[in-house]
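Letters A, B, C and D name the chains as they come in the text, with residue numbers starting at 1 for each one.
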Amino acid sequence: MVDLTVDVGSLRLKNPIMPASGTFSEDLADVFDLDLLGAHVTKTITRGWRDGNPTPRVCEVSGSMLNSIGIPSKGVGYFIERVIPFYKRYETPLVVSISGNTADEFATLCSEVSVDGVAAIEVNISCPNIEEDGKAFAIRPSSTFDVMTKLRKATHLPLWAKLTPNTGETPEVARAAEDAGADALVVANTILAMAIDINTRRPKLGNLMGGLSGPSLKPIALRMAYQCARATKIPVIGCGGISSVEDVLEFLIAGATAVQVGTATFIHPLAMPRIIDELAAWLARHGYSSVKDVIGSVIDDEQKAGVVFMEAAP
Amino acid sequence: MVDLTVDVGSLRLKNPIMPASGTFSEDLADVFDLDLLGAHVTKTITRGWRDGNPTPRVCEVSGSMLNSIGIPSKGVGYFIERVIPFYKRYETPLVVSISGNTADEFATLCSEVSVDGVAAIEVNISCPNIEEDGKAFAIRPSSTFDVMTKLRKATHLPLWAKLTPNTGETPEVARAAEDAGADALVVANTILAMAIDINTRRPKLGNLMGGLSGPSLKPIALRMAYQCARATKIPVIGCGGISSVEDVLEFLIAGATAVQVGTATFIHPLAMPRIIDELAAWLARHGYSSVKDVIGSVIDDEQKAGVVFMEAAP
Amino acid sequence: MNAALKLGDVREAIKPVVFERDLQIISNVQVNGEYRQMVLKAPREMLEQCRAGQFFHLLCPQLGGENPYLRRPMSIYGFYPDKGELHFLYKVTGEGTRALAHLGAGDTLNVLGPLGRGFTIADNWQHLVLVARGVGLATLAPLALEANRLGRKLTAICSARSDDVLMSVHYFRSLGANVVTVTDAEGTSSIENLEAIIEGLIAEEGVDAFYTCGSNRILRLLQRIGEKHEIPGEIALEQQMACGLGMCHCCVRPFRKEDRVVNLRVCREGPVFDMQEAMPW
Amino acid sequence: MNAALKLGDVREAIKPVVFERDLQIISNVQVNGEYRQMVLKAPREMLEQCRAGQFFHLLCPQLGGENPYLRRPMSIYGFYPDKGELHFLYKVTGEGTRALAHLGAGDTLNVLGPLGRGFTIADNWQHLVLVARGVGLATLAPLALEANRLGRKLTAICSARSDDVLMSVHYFRSLGANVVTVTDAEGTSSIENLEAIIEGLIAEEGVDAFYTCGSNRILRLLQRIGEKHEIPGEIALEQQMACGLGMCHCCVRPFRKEDRVVNLRVCREGPVFDMQEAMPW
């Protein structure tokens, strides 16, 4: 028997596979037993009611998708009353994703959801923020540090910072989050993108632009996960385009302690339980007794460390 | 007969299709008549000799590729003596792509290649730069403005600034380039990415990381081209994942005046001449007399202008 | 299952009731110029969960140069637990449906379902009237089967461009339904004519419920008539979908609920909605 | 064409001489446990450009769940302008070659070529010796055809794991070549034994040129023997490729040139290089 458990800071997970925020809900219980998962991660909520963005909210691009769901939210009251109790029936720890328009509102929500039944809080610092001209907190190290400092003070629960790929300063942002007390980094959210219908000449998304997710994002997210694992000492949770056990292994080898599966669940609702099985089988076949043995096992010659912190190509 | 000519600033092109730097060379003349193209864009050169990066220099990722060619260069002397004369036999204007480790070296090269036979200079400000901790000039508006100011002084030829997607500040960088005197923006270069061979546990590229190009990049590059067209008044040349006439139209509708085709030429060496034919046919079929009529014709309701400058998703 | 999927009850449904399965194709043929019918071999446990108005989310294959990525929602056109068959009726419109059209007998198709909330037929509704146009008939067909099973009277008003694209007339008739056809070609499909036909039905036979899907003009008409005569109704709606399960919130449409406008998910709270709550678009 | 592609002359070649074409597959069959042979119908104008040692860049199809993106380089195994045939011999190793293996007679394959610089056979080279292992034989086979056409003597030393994977022995013999087989199974493929065989050939018959490809150990051996006896040689090398045409500079390998180490493109300055300039890896 292969040991699939991993430790994300103080939180032990029975396996490193969990859903990505916004691509998972109670509804998936219709398809398989959610207790199979390493963690449950909810869709981001805000304090108050939000409608979300105009439709169409998704569109297809070459082998991947764009979304501009926005963050429709029924508010924190509904969430605490209706959603948290649902997940209490499971053993799997619940991770609550939150966001706010301002750092203070964000911090208030953070303390409000620090309740029984919640194992960790994922802070989605990759969505637009009105105090920074609509830039996400996680675009700049300074705004990352400021908001994380406030969030850190607002809760004693483990705090996972979810980073954005829409930045040229990934390692610096990662270190800012670590310095401000993040317990883990979720790497990464979607990257801003666009598609236009050439027949109607209208953007394919009602919101003009949206986030790219799915296989196209994987090489970018993997690079970021690697950069974050090298730049910080806190656990990294890889996310972006993961749809197979091979993808999971790529992130673990790069240094991720666990991974989130997002868009792949839309295509194959059973992707996560299947990957968990295949991960155990792969590790067994390759003679590993614990998944921990592959984490960070990338062979990157030390002289190349300098390259790691570049944010440019070629 | 549909009019395919476009004006990139003072430079008139017979059609809006040209190769992307680094994916084109004299060698393509073995496959078709290079005079069919709207412009010729050379691989980036540096002043002195450079070897380029260790192999493997390319790898495949889901439906796209990564490269870490680096910028192998035979230096400016060889270029002026051997390469420019080759292109003189063609009517099509020659655009020379250059780069430098420091702003001053970059500017020196810029004036050195401002010679007879060169119609415009594309400045690759998206490659690592030692004065900015290895960040590319085009990651930050300030470094973009500084290097572009020096480059502007170094030449009277049209100056095209090639931007990077590795930034959270595309509109600001675009405006900085415009303010410093760029005549056009090439949007965009590759985005930093990574792939790992799970069997060897080694990065698939000798240089650890490299640039993602091909279809996966398209929605990101399109978003940037749109942002740049909205943020500035200078022509935008779209680039990233273009492989069909539909892709070209998407960029033109978004506001690009011309486009560059890169990786698609590796898959289909005849992609560019085929796209030129198909573009004329599409325009004729849809009743347009000039390609200029589709440029910037995107229907984006004005109230959404605010969204344009966000650099975050969702 | 249907109960479990009803609005508000979602949270109680933690036993897996939605299936992801590779099904074998029995046939996949053109039924007229625009529509194709696909018949799949399906397990009884899956078919027994199906209800009229529900849909499946199909993983269209990468075939014939088509590379669809997301699944495509398709109404259940017919489900036969005894025969072990699941039927779809689809129109080839884009990448996904073009890819579907490439499949042949013996190939497999991965399906997810049944999904969503189907039609209601209340115990005291005796005369049901459905008004459908185009591929909307695919969605309403199993309702006729169900009405037949329950011994209710059904009038199907089928609207189309011209006679040769009138779908399923034969099918509705075979189930003992009264079929009225109206076409653009004959000039009989106008809203005015439809209104006259329906008012006639109400006056002569009485109508207990309306069912429709798809057309905005027909929705407005039925809302108006329904309100006037206090006849309830349901409408099946479409929206672009990613997950099909209720997770992503991409498939919302606005509905009137107690003086507020709320967004509901077509895949979860729908695709069948109360007709008066639906908002024309 | 060959001339136009020679190092340094590149700039003169502005007439299209490389073809991108959809070719029809005549056959694509397993020839032993590891290798498959593909025969394509090709136009004479393309085949007349071909030279031994050149390669084509194949657009492997999206088939059988494989989604190769970049083209795959494959040596010309045979080209027959009179028959209108182009042959490849390939080993199924990954996504692209797995996809190739799915193709059958009547399907089309998009090819780009001929590409690169082929083998040289100088006018005064009478006895040619080729040493090849594994799929390297695919690259060296057309050299035997050319030697036969030019009336030169050819000795082919074929090395393999065991007898049953010895490729092309029959083919080389049919062209009148002297074939020596060495295998790991029999313990005859050691470098020492190879050296003894080659030294024997030099002593008994004289050798004018060596040709090889692929193996590092064989390269070192031939470099040593070649230097000692002043016998020239050529080696065909492989490297990952994107464009195949010389544009992208991804396919470089280091070579010794006048006391410097320079990077040359395998697709353009190669895939055939001077044996003494090649650097073991």
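Operating definition for what follows: a contact is a pair of C-beta atoms (placed from the backbone, for glycine too) under 8 Å apart; a residue touches a chain by one contact, two chains touch by 3 or more.
None of these values were measured; they are calculated from a predicted model.
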item	value
If a chain touches subunit B and subunit D alike, it appears here	none
Furthest chain, CA centroid comparison against subunit D	C
Separation of subunit A from subunit B, taking each centre as the mean of its C-alpha atoms, in whole Å	32
CA centroid of subunit B to CA centroid of subunit C, Å	48
Whole-Å gap between the CA centroids of subunit A and subunit C	36
Centre-of-Cα separation between subunit D and subunit C, whole angstrom	60
Multi-partner residues of subunit C (at least 2 other chains)	67
Set of subunit A residues in contact with two or more other chains	22, 61-64, 67, 69
In the complex, subunit A residues that touch subunit C	22-34, 43, 51-52, 55-65, 67, 69, 72, 82, 86, 89, 214, 263, 265-270
Touch list for subunit A against partner subunit B, complex	22, 53, 61-64, 66-71, 126-129, 133-136, 139-140, 164, 166-169, 189-196, 198, 200-203, 207-212, 215-220, 222-223, 226, 241, 246, 249-250, 253-254, 297-300, 304, 306-314
Sites on subunit D touched by subunit B in the complex	4-5, 10-11, 13-14, 16-20, 59, 67-71, 95, 112, 239-253, 263, 268
